[in-house]
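What follows is chain A paired twice: with chain B in the first complex and chain C in the second.
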Partner chain A sequence: MSAVSTVDRPVGGATAAGGPVRRLASWLHRHGWVRLTALLSAPMAWLVVAYLGSLAVLLISSLWTVNSFTGQLVREPTLDNFRTIFAEPVYRNVAVRSVAVAVAVTIIDALIALPMAFFMAKVASPRVRAWLVIAILTPLWASYLVKAYSWRVMLANGGPVDWLLGGAGNGPGYGLTATILVLAYLWLPYMILPIYAGLDRLPNSLMEASADLGGRGGRTFSSIVLPMIVPSVIAGSIFTFSLSLGDYITVQIVGGKTQLIGNLVYANIGAANNLPFAAALATIPVFIMIGYLVAVRRSGALDEL
Partner chain B sequence: MKKVRILTAIAAAGLLALAGCGGDGGGTPAPGGGLKPPERTKLAALGTGEGQVNLVAWGGYVEDGSNDPKVDWVTGFEQATGCQVNVKIGNTSDEMVTLMKTGEYDAVSASGDASLRLIYGGDVAPVNTDLIPNYKDVFDGLKNKAWNAIDGVPYGVPHGRGANLLMYRTDVVTPAPTSWSVVFDANSPHKGKVTAYDSPIYIADAAVYLMTHKPELNIKNPYALDDTQFQAAIDLLKQQNTVIGEYWSDFTKEIQAFKSGDTVVGTTWQVITNLAKADKAPVEAILPSEGSTGWSDTWMISDKAKHPNCAYMWMNHIISPEANAGVAEWFGEAPSNKLACAKTADKNHCTTFHAEDEAYFSKVWYWTTPIEQCLDGRTDVKCKDYSAWTQAWTTIKG
Partner chain C sequence: MSTEAGPAIRLSGLRKTFGTVEAVAGIDLDIADGEFFSMLGPSGSGKTTVLRMIAGFELPTAGTVTLSDRDVTRLAPFERNVNTVFQDYALFPHMNVQANVEYGLMVRKVGKAERRQRAAEALATVRLEGYGDRKPTALSGGQRQRVALARALVNRPKVLLLDEPLGALDLKLREEMQVELKAIQREVGITFVFVTHDQEEALTMSDRIAVFNQGRIEQIGTPAEVYERPASAFVAGFVGTSNLLTGTTAEKVLGRAGVFSIRPEKIRLNGAAPSIDEISAAGRVAEVIYAGPATRFVVDLDAGGRLVAVQQNQQTSSADVAAMRERPVRLTWHAEHVVAVPVSEDPLKGE
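For the complex of A and B:
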């Protein structure tokens, strides 16, 4: 290592070698782990303190309770909140409903995204492809609320959706169906993009080989394309699933009287001022997502993110 | 405010500091029965305005002309006092309590189901009514009531009162309803187009209905429900849930739903009816024969107010005859200031809204926080407290 500085000396001159910056640089060069620590400590601190730390706070506060009259926090650990969640059927129903909505949204998005992404990656000319990518990304620039409220107007009694289906009252109206529809619309780009990326990496020669061996379109898709893009689909599903599971605004706007986990969390923070119970409810999606991610990790889909 | 008395800033600051140290706020668990609110100090003298004031208010209470250029009692106040008014609309009492706990706001228009929680939570301070010249003109029937004073110490100035109404689309709901049964009936012809207020306090509306339709339950006060009575109200609301299209708390959403016809009948406030009519929706609102729940609101000042002088000026302004008349007409409620009745555009307003009619208001059940000690005086049973109401509300919505 000292050889480096000897070689440098004639070039940089005595001043450069003696300069504090230079000395620090060579010291860091010799101590690789310090370099790494300095580089990563800020992002690691962010991850640990702000991200995992807040999760820990969530878990701890879910063990507290609130004085129902004055709204003051009672900082005595108890499992009462979780007991209520497990004892009252309503929370189980809402949790199941939320997961069902997330699953439905994910399936709908996957069904729409697969042909769309395939067209973009394998059929469209590069020029058209560029425009399609732009077309898919553009809606992401519009505000979430604007899109949700537009759907409220579209789904209104006698609105455009009713009109398309042949008259007032024929549309789904506000409710669970409308919620799934709007969420599927909102999160579609997050499904298309990973699948598109996966298909883009799929060599065309594989499909040609399949055709040479007599495979028809359907067979090629099910035996060659699908197995290779499953990780991409799962990557997309992580987005659509987790985004739907946590949503509470869309369902408030178009969901009619439907409640999802997000609404219960929101109601307990905003209306009931019961933060500990809200925290306890918020752990439900956290655990569902952890379970999902652990299952997904085995598929290798996390490499596609 | 011409009569602003000069006060050294030091005194005000010292007072605030004192108020800040006053106890840690209502640690005692069970309310009622000898419970004392935490010690809080009232402002001793009024100083100059701080340049702004942050309010939490019901929609329609703080109008600066942006909804209707003729409806404006804020601009004049701002010009006269130099206090810029910033308002945050609270959609439910629960939301208001939560907002006031942040300490970011100076004053709040609290209904009876929020005021006691704020007082016992130590979030609001008693009010020095000597600093509010207009207080003397407030109806005596509104002063020193259970929801705005503790042991004769006022915690705010009465703003006005009114009843929750039943709104319906005149083109769809025929004949015009006279009873709440149109929203509670499981076989309602308007299934899927009924709305209800999205707050646990709505359970009391079901209780009011049961007072007439199931007298055997013997409900004396809709905010004092024992196990049997509470269960009956819950059952009624679960039955109602099958005909509900959506619940509302954000009233702009309710207006839109009535306008488009997604909702045709349900609870409302007079101001919502006014706004919907202004939007050309064919709606009317009535007080059904069973009576109703209602509100008697109080402007309260935060214990942590950063702009206490402006907040006092605001409290004096909002119960001044002109402003009080303006709010009362716009929101559709009875004013709290006697002299306001002479200032309303519609000279019959005070008669229409029964401003001096205590007999009428005896049929309106003001929002009150339900507590374990039955508010109707029964001592042989325990009543359901507000946390039970909150959890039941989640269950009702399913």
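For the complex of A and C:
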């Protein structure tokens, strides 16, 4: 085999210089597992150590406690932290509120993204489409904090939003509504882009066929377009939902007194100095997301990510 | 079939420009009720754009589309009594075959029992009984093609538009479907408008053919007219093999000036001496193309120019015909098979 390929090569320096390299390549070709190991060892190490490892540490430390007198870690596995979370209504409320915010953000983003992505993929000229993609991607380059604080300014008492709505106090001010509004703004691109990609792949002939068979716009959208892009919408919702569920900075900036899971985690790491309890709280969104992913797995959405 | 006076389709002064490109440059055309009409031309000749304007997917830049005396130029696709079979079939992948076929009826609020019955009839017409539960992805190319046909026919349109529907099928299946499409058209008796770039397909299936070139129609006629009496050099070349005698070659061989077409299968290679009403020319075989049942000989004439002659391989083997390469030959054909091709005087169409 190697003899044949040597003959195939142009005669000259390449053969002399490439001899050992070519022999190695040929040896690797015959030993596929060595190539695979070389290719995957670094990313696998990263995935196992940094990613799954930290998740394991999180789960293990959520079973520890802190001695309330000394503040020392007690490394004895117990479910006390979870018992507290389920027993105390305040934690339950925060968890429910966090999920509700994530759901609201996801729905708002989906409602805005669908017509927007449809326009980009099916109506706009290639030129307009390119500009729209840029317009959607540019905010992702700006700092998260800058965007959140600029919304703080906009939502301030007597600020631009109040002014647009007719005077001081007419806007939502800081609070839950402002949190949902700002999170919906922040994560909108993550919803538009998968839906745009899904619509882009949807052949125009399917919509033409529906119109040809007598379907008006609304019918074509509900019977043909929507069922075909459900996986893309779910793919987008995985982003908007999980990003909203874990957020705590936006809430601090525009949320007023509103608390979400992220804020409780933050407070327990900092002020309360109860790392195990923070870890236990942090597992809540992890399990909610695992539940969500399992639920949407069958829709084919995970192939869209 | 119909009592209406007007033709099934009338196109008047139809034009379509995309930006600066003129895809359709003025088409006037009547298609009769119940006709199998083919629009034949190379890609980019405007035939598909014309079809899409009849269906309503494109709005004409100028001109009108009339279906059975009704001006539909500005109407949406769902307001026209035509249905389309798409090149890529455009079956709805999330619906099974039954739901695909019933879609047009469901949208028009036809009752469930009637829907079932008409869908079953349409599937029987295309010989796909019992396939209702399958998803389109579980079907072969030929079967998808039939579902697309059934989905259109079930609505009983006045006109069925077919956009290169056989293009994606392999040769064997394509030939089967040609016969079948023609049979279905005879059975249902509606007008078929068939877009294709395959001249053989157009010749075998159509009642009439319009040959398209650069957004215009070069010739409209029956298959025999288009093949045997090409109205332009383009038609002579596109429908069949381009076999033209021009300029000094024509003067030397035929004794007349002009452009003349001779079909390759009309030319005899060597064989019997030319009779009184036959014409012959000497040349040398430049290329031999063995194609199973027949062989194509490309012959450079001593008088200049090049002709293709097709001979059946009744007595000859591939080795025999291969040995003909580089040999001097005599080409002979009947004088009546020489067709004078009108030379276009339109200065805008200069190549």
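By definition in this document, the second predicted complex is superposed on the first by the 280 of 305 C-alpha atoms of A that agree within 3 Å, B and C clash if a C-alpha of one lies under 4 Å from a C-alpha of the other, contacts with A are read in each partner's own complex, and residues count from 1 in each chain.
Keep in mind that, in the parts below, a contact is a pair of C-beta atoms (placed from the backbone, for glycine too) under 8 Å apart; a residue touches a chain by one contact, two chains touch by 3 or more.
The model shown is predicted, which means the values in this text are computed figures rather than measured ones.
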For A:259 in the superposed arrangement: first (chain B), second (chain C), both or neither?
first
Could you tell me if A:142 is touching chain B, chain C, both of them or neither one (first, second, both, neither)?
neither
Looking only at chain A, is it chain B or chain C that touches more of its residues?
B
Which partner does A:219 reach: the first (chain B), the second (chain C), both, or neither?
second
Answer with first, second, both or neither: which of chain B and chain C does A:295 touch in the superposed model?
neither
Name, in rising order, each residue of chain C that touches chain A in their complex.
55-57, 76-78, 82-84, 86-88, 90-94, 103-104, 107-108, 151-152, 155
Contact footprint of chain A on chain B as seen in their complex:
25-27, 29-31, 92, 94-95, 97-98, 101, 117, 120-122, 192, 199-200, 241, 244-247, 249, 253, 256, 260-262, 369, 371, 385-387, 390-391, 394-395, 397-398
Residue numbers on chain A that touch chain B, as the complex places them:
66-72, 84, 88, 90-91, 93-94, 152, 156-159, 168, 173-174, 253, 255-257, 259, 264, 267, 269-274
Can you tell me which positions in chain A touch chain C when the two form their complex?
203, 205-206, 208-216, 219, 223-224, 227-228
